[in-house]
Amino acid sequence: MKIKIINPNTTQAFTDALQTLGNAVCQPDTEIVAISPINGPSTIESFYDEALAVPGVFEEIIKGNKEEGVDAYVLACFGDPGLYAARELTSKPVLGIAEAAFHMAVMASACFSVVTTSARMRFMTEHLVTRYGFDAQCKKIRTTPMRVADLANSPDEAVAKVIAECISAREEDHAEAIVLGCAGMSPYREKIEQAAGIPIIDGTVAAIKLCEAMVGMGLGTSKVLTFNWPRPEMKTN
Amino acid sequence: MKIKIINPNTTQAFTDALQTLGNAVCQPDTEIVAISPINGPSTIESFYDEALAVPGVFEEIIKGNKEEGVDAYVLACFGDPGLYAARELTSKPVLGIAEAAFHMAVMASACFSVVTTSARMRFMTEHLVTRYGFDAQCKKIRTTPMRVADLANSPDEAVAKVIAECISAREEDHAEAIVLGCAGMSPYREKIEQAAGIPIIDGTVAAIKLCEAMVGMGLGTSKVLTFNWPRPEMKTN
Amino acid sequence: MKIKIINPNTTQAFTDALQTLGNAVCQPDTEIVAISPINGPSTIESFYDEALAVPGVFEEIIKGNKEEGVDAYVLACFGDPGLYAARELTSKPVLGIAEAAFHMAVMASACFSVVTTSARMRFMTEHLVTRYGFDAQCKKIRTTPMRVADLANSPDEAVAKVIAECISAREEDHAEAIVLGCAGMSPYREKIEQAAGIPIIDGTVAAIKLCEAMVGMGLGTSKVLTFNWPRPEMKTN
Amino acid sequence: MKIKIINPNTTQAFTDALQTLGNAVCQPDTEIVAISPINGPSTIESFYDEALAVPGVFEEIIKGNKEEGVDAYVLACFGDPGLYAARELTSKPVLGIAEAAFHMAVMASACFSVVTTSARMRFMTEHLVTRYGFDAQCKKIRTTPMRVADLANSPDEAVAKVIAECISAREEDHAEAIVLGCAGMSPYREKIEQAAGIPIIDGTVAAIKLCEAMVGMGLGTSKVLTFNWPRPEMKTN
Amino acid sequence: MKIKIINPNTTQAFTDALQTLGNAVCQPDTEIVAISPINGPSTIESFYDEALAVPGVFEEIIKGNKEEGVDAYVLACFGDPGLYAARELTSKPVLGIAEAAFHMAVMASACFSVVTTSARMRFMTEHLVTRYGFDAQCKKIRTTPMRVADLANSPDEAVAKVIAECISAREEDHAEAIVLGCAGMSPYREKIEQAAGIPIIDGTVAAIKLCEAMVGMGLGTSKVLTFNWPRPEMKTN
Amino acid sequence: MKIKIINPNTTQAFTDALQTLGNAVCQPDTEIVAISPINGPSTIESFYDEALAVPGVFEEIIKGNKEEGVDAYVLACFGDPGLYAARELTSKPVLGIAEAAFHMAVMASACFSVVTTSARMRFMTEHLVTRYGFDAQCKKIRTTPMRVADLANSPDEAVAKVIAECISAREEDHAEAIVLGCAGMSPYREKIEQAAGIPIIDGTVAAIKLCEAMVGMGLGTSKVLTFNWPRPEMKTN
């Protein structure tokens, strides 16, 4: 099967990292294609950035449906930008990485905390947790004083901050798993897990495996009503 | 004060109706400016439409801040498209019409139902009700078998359907006020209220009056964190 | 229009302050009348006080309806004493100041905390937050070790305590606006806001502006069922 | 022990019925004293009535504490009028009959419905269910087209309506117990239970038995903070 | 009446303590029979232990129904193991001690905290609080670094830890009552209450008194549907 | 990888059907082993049945860990019996079929209804929905007047009833996917889907695919606290 990872920002280094990550975790018969839209913000750190990234996501889904034979889509930004709209554009599965990480966290543990980047992301993350129904299982949203770009520019320092928050989550929040709240943290997942002594869940990996699971059981996006094609002529598969 | 009503779709007839409506309900010293973005969907009946309308909303807010001396903004589409992002772009009040209608409904009544257009809008409306905290006070979301355009093309029939749902809401849901779930229903508010025997709340009117209230007490959008400017250089007022 | 501010306690100094405050924030064509009932407790710091204040509130509403041509009522005590009963006694808007402040806070910010007086008020305030649907948006209820009277007797010290809590709310609760949980704090709102660096919302001001908004759009209290006249002969307008 | 049943309305016939009921269900060593305040509404069918009944309730609690050696109090009106304030006035247990009935219902069954009198009581009852935490276990609030007085004037017809609602609750709501939502229904509890084939819980009986239980384990009202004496000089026991 | 206290673990010393406790608090005409199943875990400190204890509980209920003329059952382990299944096996009341303690706590106070044993019990206790509807009234679940056996082996040290947590609950959580989260703490209830200055509620005592209350009003377990006999031939009373 | 499906009841025909189903949906390199415990109830239609099935489930997990090299476990009964306890017994993933089906349903659709067997299952299913956090997304739990055994004895009639409920769920509940609430319905999933015109999700298939996903990303059960081994000597992998 073919899974398309859409990195909604235009930073190619992140996209390349997602391709590498996807190749490492997918099944032997899964093809991973990680891309960025041509236009859009270079990072997503506000609702405004998120909204600007969405039209590029749509283009990639429409192209994936019409031209590329894609079987499932991963939206690789922790805000799950445009998720519900993206589902309208295809009958294939579309998973956001926040959503995917939360589902995996509650199947693997009694409760979890989220460790994300700047304080500004707290409100957005709270909304995601509530929207998907994980209020009771999410113990706390922890932010670290960093920008997304710090993960690329000074990774050692940034990762040390993340590890410190993961340990606090385990000891103070009584969390039993951690969801990484930024796709940029993905390459450091294993290192963080070993240092913090608690399962660390990366949303991109979670979304890829959940896409494989859905495709494997013939499950796509229900077109019964809400996520039906926006206009009949858009129907592609 | 100057209030800018942004009709996120590009149907000028709706925009003209909003201008008329705004002129009728505003305070004597309030100037109402209703506009549509140049680009965007002609109606909004899906998450996809909504997302496509958002960049045009942003342009109008940025222009309102920099060039037009706007004091407050109304997003005149019941999905409140791009509301949180729009708040990042200004320190002035920005109100969605769904949000505004819900606030007015609970100050005026024990509980309310929403009467909106097609069944597809139910899920989106449920999300709004929950996000704003009105789950306990909103008795039911009622949909009518119509498209937004029907309100313009065959208003008598469409309005009759709305009235029937309002009466059912009063009798079956035990609702004590009705929120109209579509900006296109605004011109018929009074007629519906008289026929249904229950207060009918139009979100655009509600949002205008709430903008006046906020401006009147010197209250804008808090820039403390979440709704701070997306990038420092965007700061305009 | 005429807005009657009912201070449910009998301390005339508070009532005078409310009159001054109301005059300062109302529209040019709004007349503010602030009064206290003749009988009732001098301050309200318990459920018992609150209940004893309610019959006096009723008298003022009945008089306002029958004799004074009042267009809207503000109950200027943070517990919103007798709010639902008061709504039964008139078809005009009746707003409590807690309710009004919460509505304004969520239209202006991502989330808020309440700063109120003594610890004993916590439970009552929690109930108000929940009853009106603001559990998700209210981050914390903070109390200060003071009695209501301290605001009059040693205002500098009392205000300093309030400011300290507002700063803690911003830094520790991640609140982005503050609701003042006592009508006695109203005169210091601006000073607190400047010192704490976060929007401070006073419920009396909020309620006045919301009354103007409701009256301005022809919206009163729905008499459909719950808030209908207690007995038919009581109907006055 | 001595349990004082306070019927907040002034209809002596109801008070006499409560005395009879209390005598029938109390333990051999319990003395039941059912009274009405001297002043107050004759029935309670609105928030206004309820608020007017509260000062009389206070007098009876203060007298019970100071002069009568009362060990526990029952507020015998389904709205639990003035419950929290009443708790401030004594260190003894004070139970409302709505509260008591809900507690008993969930200990005896998987879920329950409430059958109360006029439609106007729905909102008040919803608030009670939510305030006490029984949202998940309360399936539905059913109202009957009657006034409280109908229970006295045409009991056969009124009781038949109640029975019909209880059967609907069992069959349509999947309720497994019924809470009677009016103290005036108490004398007919057994008859209703036999006709409807489902456990019927009367709040007055429930409150008496729960008072006995609390007194029997030395449990009163916690005076730690919220329900402490309103003023130190009021402390009586 | 005869109340059977089932201690789901097989530690006879705990069972003896429950018998003594029950004798001390029951009504004169109540007979208390405290037993342990023959087979089962010696203490219950995991979901696994709890599940293994359940078949023994069933045997004791079936025997109580058929041979012993029992009028009500208390499950004396704070996890309320097998509560819903146990209710299927009898038409008599069956109360868990967690459930019973929560009900008593909210009738006696504005809000409560739980003080239980090891950190591992937190998740299980959270589930109980939520399942029974006490999320709003339960301020915090506090754990102490001890095993259940420590209460027997080094009671002074264990009790001192419990007292310290109760004081923290009062001061930091603003709790106004404490629920003891382990049947092994029962003998120290009075000592803890005096030291901590806050009402301390023991679930076993609460359950006995609530059983007496239910039996006293003729209320058992509703057999309407969910808790009906698992198989018709099991019906015993 | 090796996935062990534990059918908690002892009806071998159901177990054989699960083996067939598992073989059909698993990845090429997955080995499915479906078993029943030696002792336990023949069907599970009450809390009592469920509790009696749990010890047999434990034995199969312990054996799977120690002797069989199992990589993940599926509990194939819709009540997810003993799920949390089972997680204590292994560091591998353990998924209940109710849980698994709900997760898949919300990733594939806007909202879902459950169609299960007898009315008695409603309460148990409500608890599962709430415990896992799906209250907002689950529109309704629909029951059919049948016993589990009817699915084997008169499948045509039973399946027709299920199809009718699925259609009602789509039309009346506005559900956009259906979760089958009984493992015995699995063989008819495709037939039901075609007849009802809505995605039908079978929990056993969902659980198998989610186990593959978890194992594929190296995710097991967090042993940080709650699901740690009940006793240290039980640690097997």
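Note that the chains take the letters A, B, C, D, E and F in the order they are written out, and that residue 1 is the start of every chain.
We adopt the following convention: contacts are C-beta pairs under 8 Å (C-beta built on N, C-alpha and C of every residue); 3 or more make two chains touch, one makes a residue touch a chain.
Note that the structure is a prediction, hence the values are computed from the model and not measured.
Of all residue numbers that take part in the contact between subunit D and subunit E, over half occur on both sides, making this a same-residue interface.
Remark: subunit A and subunit D have CA centroids separated by 52 Å (rounded to whole angstrom). Separating the centre of subunit E from that of subunit F, both taken as means of CA atoms, is a distance of 31 Å. Centroids built from CA atoms put subunit F at 27 Å from subunit A. Averaging C-alpha coordinates per chain places the centre of subunit B 43 Å away from that of subunit F. For subunit A, residues touching at least two other chains, in rising order: 84, 110-111, 119, 122-123, 130, 136, 174, 225-226.
Of all possible chain pairings, those that touch are A-B, A-C, A-E, A-F, B-C, B-D, B-F, C-D, C-E, D-E, D-F, E-F.
Across the interface of their complex, subunit D is touched by residues 110-111, 136, 174 of subunit B. Across the interface of their complex, subunit A is touched by residues 45-52, 54-55, 58, 82, 84-85, 87-89, 119-120, 122-124, 127, 130-131, 225-226, 228, 230 of subunit B.
Interface residues of subunit F facing subunit D in the complex, by the touch rule stated above, are 119, 122-123, 126, 130.
By the touch criterion given at the top, residues 25, 27, 84, 93, 95, 99-100, 103-104, 106-111, 132-137, 170, 174-177, 197-199, 201, 205-206, 209-210, 212-214, 216-217, 219-222, 224-227 of subunit F touch subunit A in their complex.
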